[in-house]
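After this come two complexes, each holding subunit A, first together with subunit B and then together with subunit C.
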Partner chain A sequence: MTTDDESRTTPEVEIIADEATSAEVIEEIKTARDAANWAQLTGALTVGEVPAEARNINVTGRRQTGPMQGFGKMWQKTYRVSLGTEVTPHEVISEWKGKFPDFWPEGNRFYGPLTGIAPGDVALLNLTMPGRLKLSTGVLVLYADEESFTFMTPEGHMFAAFITFSAFEDKHGDTSAQAQVLLRANDPLFEIGLAVGGHRQEDKFWVHTLDALASHFGVTAEVDTQVVCVDKKRQWQNARNIRYNSAIRSGFYMMGTPFRAMRRSGR
Partner chain B sequence: MTNEVLGVRDGGSGAAIIDIKGEVTARSEDALMGAFSEANEGRPHSILLNFTDLEYMNSSGIGLLVTLLVRTKRQRQQLFAFGLTDHYRQIFELTRLDEAVGIHDTEGDALAAAGAT
Partner chain C sequence: MSEERSYDAVVVGAGPNGLAAAIELARAGKSVAVYEAASTPGGGCRSAELTLPGFVHDVCSAIHPLAMASPFFKSVPLADLGVRFRQPEAPLAHPLDDGDAAVLERSVTETAKGFGADAKAYTRLVEPLVHNTDKLIEDILGPLRIPHHPIALARFGLSAIRSAYGLARARFEEPRARALFAGIAAHSMLSLRRPPTAAYGLMLGVVGHAYGWPTIEGGAQKLTDALVTHLTGLGGQIFTDRHIETLGELPRSSAVLFDLTPKQIVAIAGDVLPARYKRRLDRYEYGPGVFKIDFALSEPIPWKADVCRRAGTVHLGGSLEEVTAAEDAVCGGNLADRPYALLAQQTTFDETRAPEGKHTAWAYCHVPSGSSFDMSERIVAQIERFAPGFRDTVIARHTMTAPEIEAYNANYIGGDISGGVQHFGQLFTRPAIRFDPYSTPNKQLYICSSSSPPGGGVHGMCGLYAARSALRRVF
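Take a look at the complex of A and B:
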């Protein structure tokens, strides 16, 4: 393993380490090594300041979900691109965090904090879906360090998922960038959607993202895609997740737009 | 730099214990899955993960635990964890792994919950 312990040590830990004598302090150091990289535990998700055009109809008040809370089959999808030797993994992650929305396909918006991506941030997503549906959902930044960052999805998102973005030196000495999604469809409707084109759309989305990231670093390379079905069983006890389905709620929200406009204009 | 060291031992009465030392990250996959295979040689009904000597875990490590959880469910086994510091307990709650993995303070508590004592 070639982890960089020093880069993960916070200044506070260094101060404590100078005076470390007791087992209690040593224990504190052990836990503090990654403490700053994780989101702090909160109750329901809350969204900070976002632009007026960002719709927040499916995030505030929701809980974060991982693959254990989802409904459908569990998939691990890995998208990887080689960026050569001119750029380091730390530089890749720094750029990716700082300009995350710039690499997304056109028509999809990511409304995160202007300062980039940090643990505990909640970002809103407005995604273009088939049928011109603008699906509104979000993500929680679960974890972020200098080599990777991970999103967790809210209830009602298409997926109950961990989405991890990382960069590392591969066995040839090249820097690789990777997006890995560990997901289940959140409810039966999204599971059907995945089966009838959703998987293909998801794959295109992340291949485009990694293509754009590679182009940013002046590299043209093919994105390698690997898909593994980790669990073929569906979790029927979570079928009721459909009550939060963000596509249904976004559809109703779009249908109500003319009425909201009329109400605002006083007619 | 710390490498993960995984030990496997028999907890008695159908429980196997995997002792996790060091780091759990994406690089731990082979070691963790190897330890899981070794633990299953005795066909235990429960797998206990001992986190007492865990030093570092990132989100890829949590992803590995999710995969391990799926494997135990597939084999109709129960998965338990013990020895987590408050910090890692919070991580389990944050990622909602605590809803699927039985978390206990000590090995004895975990073995009792697994019905092995």
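Take a look at the complex of A and C:
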């Protein structure tokens, strides 16, 4: 018998496929029943055809990250709005996928492939941050079917996260649209940012998105927000994620804009 | 959902017992509201994708023999509410080091066939009880009272009153039957040398023969969802994310029923309970905790003994002596080097819980109350012992120590999933010795959690009896 000498204080999720199972198993997962709905994870992200004004400085070559790879506390944020009985979950997701950028708050741009949202697509995001910083980052479409789609974030994004958009019929027969984010801040800087207003901004962002979606369907309804801290522990071993911090890199990129302009005009 | 100013009754806690109490009150025409601290109702009956997308794991309870057998659940139209029980080919297997396994089959005869010299003894012990399962359940799943079926109960009691260790050694000669019985009895979370642990071995075994050890298709959450739908259909209301700290936070009502343990009840309502009763609640004894682990697997568990592949539940602990030693260690405040672990492999008979071709496994072992020791490797070692190559099938795993389990559900004090130790002193008299254990000296307050008879398990009977007590005394 032993005594209680090795302890910890928070639940743990460990993804150990890479270490414990063969490449064959990973291949099986990729080709499972609903393989067509899942992205083929290739390791490094590549961006397809996007408009010329889209800024891609933090996506190409980065790997996708889930909450396991993040640094900060793990949060589950759920935003839900009821859209009534006039619209089906399929219609909601079809519209949401097709017009995804239209529902975002002003000043934030989503540059998806022209094909729409499909598994494996990588979209660029140019977001307006406090201090007029234009933050350049992106998302990978990890999963998509007729009733839901899920994004995964790249290294350097504010969050290491899964973001799932879904629509479903509740027990009263009403169709609800939902955005659910399972996230950790990717590095210590973003963790501080979350604590000093980032959470509020994040909540406002998704509430606005769902509001806009509801308005699109001619519905005025309150967005229900639920926030749960899933894991209070910070993963200090991932503090070095800061080397990819998209805000820092976007900031440097912006500072270099005049010099790039001068260089172009000198050519 | 809008909140009314007053209700006939308010239930604090939306676990299976809280929901059962609310349903019984609503059936009697009373207006009832349930307040739940967590974001979703369910208490110990929830499911979630704990490891990877597409892999559904039961967060607490996983195998539900008592949900099938319970008079309360029989009174709820579960099938109409979308609940499907999935039965494995065999309820239970208990592998041994010789590469074979003892198996609890649905048929007593088939089970006995696997016990060699103990076949007759097993049949003699179990068969009469299996014939009287419903009578026994009626008398056992409730408070201490004059039995409705005294002969059946007496027959059960003669064996059940013993320790599991004592009964197994007295009745069986071979390691196979002894080990199987020990594994079932160890669900009690008590030392198997202590009476009446044989009662757990007999009762759960008998229910396994009579009702099987099923799981709920798609996850335990489906059972909670059904109860919630049923309750709201009866006019009940549920409010989540409402952590109650004082009675003043509750709306006005004639009765308050707590699906909570004595510790929380004292914290919330200590001011309106007599000092003597409060002292009894303070002395209430909690049992050992559990360490839980969930696996996402690339393939079924590669059991050495093929029969284990047919079983929904597998007990990992080896011989009677070994299981007894492991549980003795835990009850003595130590960690077992080779713990007795309970494992459920739901996806072998419910393919809806994982992507096609993939599997889940759910396991836990007992640990001293509040232990934050990570038992993952010891549980994995026990699985590897009987299923070499298991490690290579693990894609992801999710673990919870005893304090984390308590953080997840405040009723699990120190990780105790039974709502308090279930020895003789607390079995029928929990949480305090009273003629009606669901009532308190304050006529407005009632206890409907597993800290009241008949104790732990997803059966809803604590809620049912507490609601009846309130209906009798208040309305």
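Definition applied: the second predicted complex is superposed on the first by the 234 of 267 C-alpha atoms of A that agree within 3 Å, B and C clash if a C-alpha of one lies under 4 Å from a C-alpha of the other, contacts with A are read in each partner's own complex, and residues count from 1 in each chain.
Here is the rule we use: a contact is a pair of C-beta atoms (placed from the backbone, for glycine too) under 8 Å apart; a residue touches a chain by one contact, two chains touch by 3 or more.
This structure is a prediction, so every number in the text was calculated from the model and none was measured.
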| item | value |
| --- | --- |
| Subunit B versus subunit C as contact partner of A:Ser94, first or second or both or neither | neither |
| Touched partner set for A:Lys171, first subunit B, second subunit C, both or neither | second |
| Partner chain in contact with A:Gln201 - subunit B first, subunit C second, else both or neither | neither |
| Larger contact residue set on subunit A - subunit B or subunit C | B |
| First, second, both or neither for A:Ser82, with subunit B first and subunit C second | neither |
| Subunit B versus subunit C as contact partner of A:Gln226, first or second or both or neither | second |
| Subunit B versus subunit C as contact partner of A:Asn108, first or second or both or neither | neither |
| Contacts of A:Asp145 with subunit B and subunit C, given as first, second, both or neither | first |
| Subunit B and subunit C contact sites that coincide on subunit A, given as residue numbers | 1-5, 8, 32-34, 143, 150, 162 |
| Residues of subunit C defined as touching subunit A within the complex | 39, 50-54, 229, 232, 241, 298-299, 329, 334-337, 355-358, 368, 371-374, 391-401, 403-404, 408 |
| In the complex, subunit A residues that touch subunit C | 1-17, 20-22, 25, 28-29, 32-34, 143, 150, 162, 171, 226, 228 |
| Subunit B - residues contacting subunit A, complex | 1-4, 23, 25-28, 54-60, 62-63, 66-67, 69-70, 73-74, 85-88, 90-91, 93-97, 99-100 |
| Contact footprint of subunit B on subunit A as seen in their complex | 1-5, 8, 27, 30-35, 37-39, 41, 63-69, 74, 76, 142-143, 145, 148, 150, 152, 162, 164, 166, 180, 182, 230-231, 233 |
